[in-house]
Amino acid sequence: MQTLDDWALTAGVFLPVAGVILMLFVPREREAVHKMVALVTSLATMAVGVFIATRFDYDDGNLQFVVDRSWIPVINSRYLVGIDGISLPLLLLSMFITVLVIVYSWDHFPSPVNPKAFLMLILVLEVGMNGTFVAQDLILFFVFFELVLLPMYFMIGVWGGENRQYASIKFFLFTLFGSALMILGFLALYFLGGETFSIPRLIESASGAISHDTQLWIFAGLFMGFAIKVPMFPFHTWLPDAHTEAPTQGSVILAAILLKLGTYGFVRIAIPVLPDAAVTFAPWIGLLAVIGIIYGALCCLAQTDMKRLIAFSSVAHMGFVMLAIATLTELGINAAVFGMVAHGLITGMLFFVAGSIKDRLHTLQISRLGGLLVTAPRMMWIFGFCSMASLGLPGLAGFWGEFPAILAAYSPAVELSTPLFRGYMVVAALGTVLAAGYLLWLYQRAAFGAPRDEELATHMTDMGRTEYLAWAPILLLILVLGVFPSLLFGVTNDAARAVVAAIPG
Amino acid sequence: MVLQNAFFGMLAALAVVSALRVVTTRNVVHAALYLVMVLASVAALFVLLAAEFVAAVQILVYVGAIVVLFLFGVMLTRAQIGADLDLDNGQRGLAALVALVLGGTLTWALIDAFGDDKLPELSDADVAARGVRPVGDAIFSTYLVPFEVVSILLLAALIGAIVLARRD
Amino acid sequence: MLVNQFLLLGAALFCIGVYGVLARRNGVLVLMSIELILNSVNINLIALAGLHGNTAAVTGQVFALFVITVAAAEVGVGLAIVLLIYRNRRSVSLDDIDLMKG
Amino acid sequence: MLDHIWVIPLVTFVSFWLIIAVGKRLPRGGSEIGVAALGLALVLSTVAAVQWVDQEKVPSHEPAATADAGHGAEAEAGHGAEAESEAGHGAEAEAGAEAGHGAEAEAHPAIRESVEHNYQWWSSSSFTVMVGTHVDGVTVALLFVVSLISFLVHIFSTNYMEGDKRFTHYFAFLSLFTTGMYVLVVSSTTLQMLFGWELMGLCSFALIGHWWEEKANTDAALKAFLTTRTGDVGLLVGITILFWIAGTFNIAEINEKALAGDLPQTALLVAAIALFAAVIGKSAQFPLHTWLPDAMAGPTPVSALIHAATMVVAGVYLVIRLYGVFWEAFDIGAGGVNLIAATGGFTILMAAALAFVQRDIKKVLAYSTISQLGYMVMALGVGAWTAALFHLFTHAFFKALLFLGSGSVSHAVHSFDMKKDMGGLRSHMPVTFWTFIIGSLALAGFFPFAGFWSKDEILLGAGSNGYEFFLVVGLVGAFMTTMYMTRCVYLTFFGEYRGHGHPHESPAPITVPLVVLSVFSVLVGLINSPWLFGGEWFGHTVENEVFELAGVPVHEFSPAYALVSTAVVVVAFAIGYVLWFRQKLPSGVTERSSIARAGYALLANKYYLDVLYTDIIVGNLKRGVAAGAYWFNRVVLDGIVNGVGTTARVVGDGVYRFVDRGLIDGAVNGSGITADASGGALRRLQTGRVQQYGIMLFLSAALLALGLVIFTS
Amino acid sequence: MTAFSTPHLDYLAIAPELGLTAALVAVLLVDLIWEDRARRWIPTLTGFGMLAALVPVLVMARDGADRVLFGGAFVVDDFALVNKALFLLAAYVVVLLSTDYVADADVYEGEYYLMLLSSVLGMLVMASARDLISIFVALELLSIPAYLLAGWRKRDLRGNEASLKYYLLGVFSAGVMLYGMSLVFGLVGSTKLVEIGEALRDPAGPSPLIVIGVTFTLVGFLFKISAVPFHSWAPDTYEGAPTPITAFLSVASKAAGFVAILTLVFVAFPGRSEVWTPMFWLLAVLTMTVGNLIALRQTNVVRLLAYSSVAQAGFMLVPLAVARDLPQAQDAIQAVVTYLLVYAVMNLGAFAVVMVVAAKTGSAERSSFGGLFERSPGLTVAMTAFLFSLAGIPPLGGWYVKFLVFRSLIDAGTVAAVVLGVIVAVNSVIALYYYASVAREMWMRPAPDGDLSPVRATPSLAAAVILCAGVTLLVGVLPNLLGHLGEVATFALG
């Protein structure tokens, strides 16, 4: 078992590579083979994830499944992987979403149809995503963090909508800029924090070794890298474009996993390694977060395109996650991780539905929709369900992303200004109203009434088999997590405590 | 000493004036001939500095080979043998400015560095120790690698120049 | 004799050479100006070598010899290129050569 | 049953899924499942109620089982059946148990010990969040009334909604809605209440928008959801604050601590105000009441269930449940005036006035509901806790009756417009007519109908607890209520029939619930009469720990109040009779008097609040602020560097191409343009002339050397 | 007057150079004797010559001993070995690139490889040269054949122009360099770099003449690496020269320039860092910024790669801008050498793909790359890998060297270094834009003229592409492979 444990994470990360290599040698014309290979690979990866989940010790807040091998001795960087309660849910989410995206792809290949390339990109993406969640070495983290850029760039750029080239390069440049500053921060940590890239060791040594002023600079670098990825206001402008133009699968992965890399970076690296700087930055992060909540919601109200609206809603939702993180409390971190998973599932689902509508109608102009509940009742029921989840209806997963964030904001870490955060709390709570507003308004315009464009309505059909297959697990999970939040809180709790261990209160 | 200085003054003046004519004359062939004057003056200066072998090589290689090469070049490119108004381009002013900036900088730095430093007086032994033989020894021991490299360089330049220049 | 007599002469030749290579339009004349620059280097080498004793003086001479040799090769190659261009364009004016820019 | 009260919400929840899953394939479209489930729930609720009544009362001053002396016992009792609590509850219980509270001087009757079960939901190292059930008199009363009315509404709907294309969905949502209400009622924690609360909001949204083909209906649904959700911000904030100051979500504990004075007063006040905002939203109090009349767009049974009997009273229920918090925060015991009473009182009059100008029978009832909710809120504000609950209880019956009656009418005339399509229906629909009359009498508060008893208690409480002003308000409200109901009854059932076709009495599934409800409307008030069942039976049954701990004053039935209120009602009826039945309405009063005209306009336009909300606030959000924010997004944020780029455009010849390709917005674009333009400018250095390159080379070398010389010296 | 003493020769130490000379002679003779019949064997012979010369390099690398010849004028240390291997392998790839290109073009074939071999020989010598004369001569040996090769397509006016510009500016800069060397030599009295290094360790500030000497000496090599403002030849020459030669210039020749700069800076001028650190700082900023900005505007991929190579030189200069004296400077050397290695691989790969495409479409304009993904997915993926590797995106090799650059900056930790770091970050973003523009053309734009026939590489080009792509990816995932070489590339001092 020990051997299996040692290899589990590595397998969970790199198994998709095997699929990619296999597909490389299969001629492009044999689409069925490609689909099977991709599905089997992703399922196998998921199986590894399940194995990890069963072997995981949920009462241990430390890293588990740790593997520490030499990687780049020249720069003292090691292949150091491991997971704790924060990584595990996100890792599983990533594996899970990948499987579903591949299932969904079965008969939803975007034009130009090229299953081989498309599926290979998805698998490569999975490597990057899974890797980011298990990496415990800054350089390893960085490599995985960046690994997702290329596949996503091509996914948007090749298979995206009309404005895809612009959107893809914008996404790419934005994130690259952030990560360039981030790597500067990593290096500063290395040199000032004890000549190591190991995150656990830096957590022990860095904050003691680095002066507060320097910490601030380093944190600023990391902040840029992560905040752009989240994305936080005002670094969000790439997101609506990327989401709007990306193919459905791209949007789903982007929303469900990629945005989480940024918030995960805060939780995994920025805060535990630089707790003092985090305390200084937290009010500002909180401010940007609540601005994001309101701003994203307001922008949603102004949208005319369904996907773009959902994209802006991501800005708002990630604002809740960031607000939770900014409280620097255990509850906040728990809430943030829950928020990440919930947002991943819910917004991913919303994008799935939006994609399926676009697939049939070739437009998502809200003004041209309407009456979809007549033409595709099941799909719109699901959309309504997800809207409700997204606006934070208790009993569904979204609630546990929002409410604990609000709860945490009332009582932030002791070194933070309580009145300030209580102000944030109220603003965030107001954001929930706006969320209800734009989502229901969208639902009203898209689903209710009579079809506004009769010709368009004839193209609308209800759900197909792969849609059922791909969506049902997500819907179920949204409900289950909403009713049994301890499924997730129980996992994250110990690790969350470790994240803010160095922060008083 | 005075004699040396007088010689130096004469040669230097000759070199500078000829050099100026090289870059200003309107006749290509004249320019080549002025170049000969410069090279010869410099060779003479080498003698003043007790580097007779270098002086000899200077005459042989430069005057004997290079200038002849230039003259061939002038002929082969059918340059006007007489005065040619079109020898300069439009950026003489700028070129002069660059030269002056460079000259000013160098002059200032040289004076700053060496001021009134004198060249050492050489004994006969010194002269002998700087003669052909030690030079030869040096070339074939310490500088053997550069020497061999230069030989290949000449071979390559020769072949390459022929390839490019030949009419085919 | 002062060191600077020679060095300043070298600097002067250098600058004149620089002026020549920049202001002359005719390719052959540019090559000639290059020789002025190389000569100034040789003057420097020989003159300065004398300051540091006999070994250094020998080294200086050797250096100068290499410079002369390489200069010969360079001129040969340069003339070959100029000839090549002349053959293709019937001109040795450097001003005309600007097919590629930007 | 009391220990397993969770079965009740489970029944309807399962029913919801069953209807969704197989409803369409059943002969009655799933309605049979709903009816059966509600029947079962009604039985279970009744069993629970009976069990509760059978419970032994615990004398309030009996020494507690624990060693705590004196008042500690009350705290223990207030905490409920802590011995039965599950893991993790211990810590909270200890904290709660320490709180003692000085009992009011006057002796309280004994109360029954509430039954509470808590289970760990999720935990963090610093705290544990519990989930559980709490059963006391309030709970069983609510359970009973909810179950009964929901059951009747189900039956009513089987006929009323017959042939509807979303018949199955309708019943599914009814089940889900009932689940939500049950969850709210049985929850032991604030957090759980939030679940039920929002679940009802969702179902209300779905049911108001049931006929979503019409935009007006969906607008109403949206409005209802968003308005209540605006109030819910307060609920979120309030729950949060209470959680942090009391350290728990447990309602009983929060009440104990609040009443023990353990909580910081300011925070408590803020929390109470925040919670009250939620109450205002959900229970349609001024100024967030506007959604309720619009919500009449939903099917009439829905209005009866959700917008009369159950969901709208959730706010009132919240105050009843967390009365300790409100009592302490607003110092209700002190008399005078407070936010709750003022809001309730104002709402009574405002809504009653509006009810006069409606043509739509359901709108009349809607405003009436608002007005009656105002009574309940005011009752809570004046310290008449039992009265509020009792009014909630009775109102549920007669208002549901009235709504269903109006449904029956509309079933016959296919309209809700009293002035255009009704009149003279009394002969066509006798059952409906008589039941409606009973409901109206109950609402107006004629002796001995249900409304009389509960309203009388409210007035008594206001008068006795130092809130004399609100006594007057209550009387005026009663006066107005009687008048507008007189108008409503006249317009609907008397005079000439103005509609089309021949209206007929509705079938049994519709009339039977009407009859049942009218029986309740007549009788249910008696259970709290001073002369029956040992006197104020209802009050003694529902009184719980909060009531006791807070020391809510109890007052003897006062014939004086009863007489005054009866007189007011009779006078009002008399005036109304003259005005409408005898057509003595000063015709043309609005033409002749500008004040009257303005008043009418104000009322007809619902005080212009909707204009304020819809056009000004929402409209501006959509068009103004949101568009502004979006504009800010695109123009300012995206444009910062864009501006730089714009100026730089002249520099590069290729920039236009760049712009044409659509790269306009975005900070990145702007810098892209700048970069591109500078690239274009720099390209010009690359002239292609070798000697210019030479100049660059030599000059750079010279300047570099010179610069470094200067730099290093 | 001492008698002439025959210098002791360690033949193993000069075996790479000897091997290459032998190959050179062999090519000459084969071409001379068999003329046309041997034509197709000459590239093979040249390639084998390169690989054969690699053998002694590897032998010495295993041995590990530093070999000092000619009183320190010629040193074979790890630094030299790593770089010799780099030159030989890069040259080998260039031979692969050249094989079909030269055979198809109407040019002198045997002489072409002769020139190539001579130039590489000059580079090998450069790697070991530790005195001014050797460096000078090596520079000329690697340059002069390159000048000629640039104009090898004699009838092509652009080729002529490329050759002339390269030649003239090369000679100009050589003049400046020689002047600088004469000053350095004149002030110190020795041409041996080690001795110069000791003599220049003057605690007092440098005299202006030393500054000028150091600066001018370095100018010759800044020209070679095409640092702005000495870069102006590069785009024109790259565009006009035969594409394999462009690849050669942008990789091997640039590497040779860097090798010389590293040698001079860390052996001859380590004590004068106050002169060269600000210089390199300024030049690094200028080079990457100007290179990147102009590259944004290029539509010809070769020219784009030319400016990209200018910009890349800027990145490579960065570690020097913050380097300190040895032995701390080892990080800077490591960064630059590793960068050179990785850069060589990815840039050669990119040029190989350009050659394949240009051979098919007859143009290296960006538009002729349109729709390449449909026409030749493998080639497209490889080119994408090269481009994004150049941009520094993990997991492609380029990220590691960019990382090393950042690392050297943060290690220095000064304000100037951090400012430079931010500039580098911004430049990485700009660079990504134009690299991505080529990728975009290949993946997202239609093929020109709707021609969808597949693009196929000749065997030698395919070999080059596969080799480079494999290494690019491998190094990205396991950077230690080349990182280790960079780490061990130390100078033998003393």
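For clarity, chains are labelled A, B, C, D and E in written order, and residue numbers in each chain start from 1.
What we mean here is this: a residue touches a chain if its C-beta (ideal position, glycine included) is under 8 Å from a C-beta of that chain, and two chains touch if they have at least 3 such contacts.
Just so it is clear, the structure is predicted and the values come from calculations on it, not from any experiment.
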item: Shortest path length from subunit B to subunit E (each step joins two touching chains); value: 1
item: Interface with the most contact pairs, given as the two chains involved; value: B-C
item: Most centrally placed chain - per-chain CA mean versus overall CA mean; value: A
item: Rounded Å distance, subunit B centre to subunit D centre (Cα mean); value: 101
item: Centre-to-centre distance between subunit C and subunit A (centres being mean Cα positions), rounded to whole Å; value: 65
item: Chain centre separation in whole Å, for subunit E relative to subunit D (CA means); value: 75
item: Rounded Å distance between subunit C and subunit E, as computed from the means of their C-alpha atoms; value: 26
item: Touching two or more other chains - residues of subunit D; value: 672, 683, 686, 688, 690-692, 694-695, 698, 701, 705, 709
item: Multi-chain contact residues (two or more partners), subunit C; value: 14, 17-18, 21-23, 27, 30, 47, 51, 59-60, 62, 66, 70, 73-74, 77, 80-82, 84, 94-95, 97-102
item: Shared interface positions of subunit E, touching two or more other chains; value: 133, 136-137, 140, 144, 148, 151, 154, 163-165, 168, 172, 187, 208, 211-212, 235-236, 297, 433
item: Chains touching one another, given as label pairs in label order; value: A-D, A-E, B-C, B-D, B-E, C-D, C-E, D-E
item: Residues of subunit D defined as touching subunit B within the complex; value: 691-692, 695, 698-699, 701-703, 705-706, 709
item: Residue ranges of subunit E touching subunit B (in the complex, touch as defined); value: 1-2, 4-7, 14, 21, 24, 28, 69-71, 73-74, 108, 111, 114-115, 118, 121-122, 125, 129, 133-134, 136-138, 140-141, 144-145, 148-149, 151-152, 154, 163, 187, 207-212
item: Parts of subunit B lying in touch with subunit D, wherever the complex brings them together; value: 89, 91, 94-95, 98, 101-102, 105, 109
item: Touching residues on subunit A, where the partner in the complex is subunit D; value: 163, 166, 170, 173-174, 234, 237-238, 241, 295, 298-303, 330-331, 334, 371, 373-374, 388, 393-395, 399, 403, 406-407, 410-411, 425-426, 429-430, 432-433, 436-437, 440-441, 444, 447-450, 485-486, 489-490, 493-494, 496-497
item: Subunit E residues within the subunit C interface of the complex; value: 132-133, 136-137, 140, 144, 147-148, 151, 154-155, 157-158, 160-165, 167-168, 171-172, 174-175, 178-179, 181-183, 185-191, 235-236, 239-240, 297
